[in-house]
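As written, the chain order gives the labels A, B and C, with residue 1 at the start of each chain.
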Amino acid sequence: MTRAIRWLLGAALAVAMTGTVSAQTIRFGAILPLTGPGGLIGTQQMRGIQFALQQINAKGGVRGHQIEVVFEDNQAKPDQSILSFNKLVDLQHMPMIFSAYSGPTLAMAPLATRKKVLMVNAGAQADALANASPYLINTLPTIGDEIAVLSKWLVRNGKKRAAILFENSAAGISGRDNYVKSFIAAGGTILAQEPSQFGQTDFRPALLKLADSKPDVMLVSITAAPQQMAQQYKQLDLKFAVAGTTFLQDPLLIADPAAEGFLHTQLQSQAPAELAAEFKQKFNVEMEFFVRQYYNAMNIVATALDKVLAEKKEITGENLRQAILTIRRFSGLIPVEFKTNTATVPFDLNVMRGGKDILLEELKIQ
Amino acid sequence: MLLLQLLVNGLVTGCALGMVAISFSLVFATTKIFHVAHAGVYTMAGYLTWSLITHGVPDALAMILSVAVCAIVGALIQNQLYDRLERRRATPLVVLIASLGLLAVMQNIIAAVYTPNILQFPSPWSSRMVSVGSIRLNYTQMLTVVIGLLAYVATVQFTTRSILGKRIRAVASNPFLAEITQLAPRSVYVYVIAIASALVALPGVLVPLDLGLQPYGGITPLLTATVAMIAGGVGSISGAFVVAVGIAVLQNLSLLVMPGEWSIGVTFFIFVIFMLFRPTGLFVAR
Amino acid sequence: MDFLYSYLVLAEIYVLLGLSTNLLVGIVGIFSVSQAAVFGVGAYIVAAFVMGDTLGFLPALAIAAACCVALNILATLPSLRVSGDYFVVTSFGIQLLATAVYTNWTAGTGGANGLPGIPPAKIFGHEIVETSEFLVVATIASLLGCLCFWLVLRSPYGRLLKAIREDEIAVAAAGKNVLHAKVSAAALAGAFAGSAGGLYATFLSFIDPTPFDLDASILLLTMVVVGGARTLAGSIIGPFLLLALPQILTLVDIPTTIAASMRQLIYGVLMITFMLFRPQGLAGEKL
């Protein structure tokens, strides 16, 4: 008899507890390339979000709400992105979606405007993204800023004749266009340009052709296979300097002796050792650039969500967006400031030496 | 000097492409199947070798084992898929789609198991450089040329001298007659695809040794190799190999006169013109 | 509802492409893997006119269709000189050449960046902005296409095409102009593909080379084979089913790290199974 009563009391207590503790799970979406040539970057981005989510939810979520992110694979294709976007917004009523890659993000931008859904991009840097939609928040600057500063530094330091190696993709071409504009504006000359196809790893013909124009420096705008490029550069015994942007920050490249002396602008985004170690332990890979970017973005969204909940407002894309722009300065893993819907992030000039990426000079954004 | 280095690079890429072309040619000429899953076998060879090497198997042994496994996989593909389709009298389009489905399966199993990241072979000897005059090559590139030429000569010898080779050519030229004269074309098909799969495993390992492993990178070399096969004349091993080397050299040299992005476009443009005016190819099939 | 509507719009656009491919591959027997390239031509032409504000949507669509008619005639001429196996490779070549042009001719096509911000279609002064409105346009277009296809199949011309596929030599011997019939069928296929392109560009308001590449051409072929070759029903079922499949597969619960490649794998397995056990597709005649 007593056992039965105890059992009943226990059950009643359990029911009561679930009643009070449960608060609705808040769901967001992410449309990333998880297969195909964009797959390796998309997977890193996904891991960044997942890592941040694990930490947030372990601490009890945001004001008691657990957060869930639903991932859709768009294979970096615009029409798949549109279908996924509509599915997440219509069927799951999501107020916020993470996106990646310039092409798909640009394709979804008009929809985001129309449906007032907040889109957060933490990876793509094509210039067109700055004005694509008022509901698109870019947590990293477009490539133009970094390249302008890099160009001035190079010319000032005697590297006046440049050749450009660029990837034939939205991001690579945006970089190339900026190099041409900024380098010439800084007083230098562009001697040659060569494209490489996104996903291919044989850079030798392009490197040879660029070398033939005898530049002081090769300006690099590629997002895939930088390590292979460096190895082939070394094998061909080429002597000119190599400079690039944050895209060059690839751990495999940095560790490779072929990259000795490579210069690049670097958005300030270091992961403290304990965080990186914890990530490595959970996911078995290094906490690379895109992981950190999307980890940071998830935390930015969580902070904005916290504000919206605190003000007892409805969780809509509009309110989340307002929250981000009002809070303006976020000091997470990567400190960012939103003067517009595209973040300004301080960046430095780094050089790769002895298998490490070392700070060469802190740069001021003009 | 630039011209010479580009020429030599073209020869290296051409030898790799040539091996893909002659292996594909063997299959297509004999079975008339557009075996796109061949690109899957090519990709698989590289990853298999990588796995063996990272588990401590010596490099050369790993390559040999991969070649053997690919031969078996090729035989299985013919036996379990293409043969079944043929027994149901499937049309070429149906077989093509099945082969494409198989390619998708193979590429995605690899992507799921190994992740889509570019993987490097842990073989330091492969990137040691050699200078011949002003030309610089690494060991892998030299090995590609040597193995490519050997594979070419061996295949030609095999098809013209050996009994199985002659049987293959007989089946290729007239399957109906071969059936009647008890040459057993169906088992010949199995041999052919097995041999071709073993052959394509060679560039499947050599190219990633130099340039890195990727799950989805097999289709482009396959298509270029197909162009070489047709332009060289279906059924001609020499044609396929020579034209493959020619295409690779042309693509490299074309950089001297035009922007790099057009080199692939030009290849296919020339090919289309070719098909309009000389569809049987440069070397007429024997 | 927008999710359902956008799926329907895309499915209907692909129905037009399915009709085009079915006409070319199923009925005339020209084994083409370059239909996506023609689709692209239609899309880029309409985008160019509409973005530059030089022509309205409907006239631009007409011009795009006309260009694709001409293009298809040119592209299929080699097939008439060269046998089936060889034409596949020529067709591969045409497709890859087209992708190279789309990716590199930045002045005309925006290159790899694509063309963002294509303004919505303006039909008789009314701007088609909402997905539900576009659904009406797409439905009308696809119905017109289906009607056209159906009429062609039942006409004497359709019977001629069928006869040509079954025994070309006999038809020629009977004094019918085989070349003329084949070329005009290819032309019609071009018109369908070009119109689909124009609709696609204005619906998505962004195009880049990705939907017009080799993978897309292969998807079109798969739609026709799975849906069923040579029939109207097949041209409709194929696109609807194959567009729904990736979405249906997302309902299958798989750990996210390998989810995407697993789904592609399932897609591949389905293709193989279909070819092994039902090659005539769901609603078609044996190819």
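Just so we're on the same page, a residue touches a chain if its C-beta (ideal position, glycine included) is under 8 Å from a C-beta of that chain, and two chains touch if they have at least 3 such contacts.
This one's a predicted model, so the numbers in the text were calculated from it and none came from an experiment.
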item: Furthest chain, CA centroid comparison against chain C; value: A
item: Interface with more contacting C-beta pairs, comparing A-B to A-C; value: A-C
item: Whole-Å gap between the CA centroids of chain B and chain C; value: 31
item: For chain A paired with chain C, centre-to-centre distance based on mean C-alpha positions, whole Å; value: 35
item: Chain C residues counted as touching two or more neighbouring chains; value: 103-104, 261, 264
item: Sites on chain A at which at least two other chains make contact; value: 35, 39, 43, 168, 195
item: Where chain B touches two or more other chains, by residue; value: 108, 111, 116, 259, 261, 264
item: Contact set on chain B toward chain A in their complex; value: 2, 5-6, 9, 13, 108, 111, 115-118, 120, 127, 129, 136, 138, 211-212, 214, 216-217, 220, 251-252, 255-256, 259-261, 263-264
item: Chain C residues within the chain B interface of the complex; value: 25, 31, 77-78, 81-82, 84-90, 92-94, 96-97, 100-101, 103-104, 214, 218, 221-222, 225, 258, 261-262, 264-265, 267-272, 274-276, 279, 286-287
item: Residues of chain A that touch chain C when the two form their complex; value: 34-35, 39, 43, 46, 50, 71-73, 75-80, 82-83, 86-87, 89-91, 102-103, 106-107, 109-110, 114-115, 126, 128, 132, 168-170, 172-174, 195, 198
item: Sites on chain B touched by chain C in the complex; value: 32, 34, 81, 84-85, 88, 90-98, 100-105, 107-109, 111-112, 116, 219, 223, 226-227, 230, 234, 259, 261-262, 264-265, 268-269, 271-272, 275-276, 279
item: Chain A residues touching chain B - in the complex, by the definition given at the top; value: 35-37, 39-40, 43, 168, 193-197, 199-202, 204-206, 208-209, 211-212, 224-225, 227-228, 231, 235-237, 252
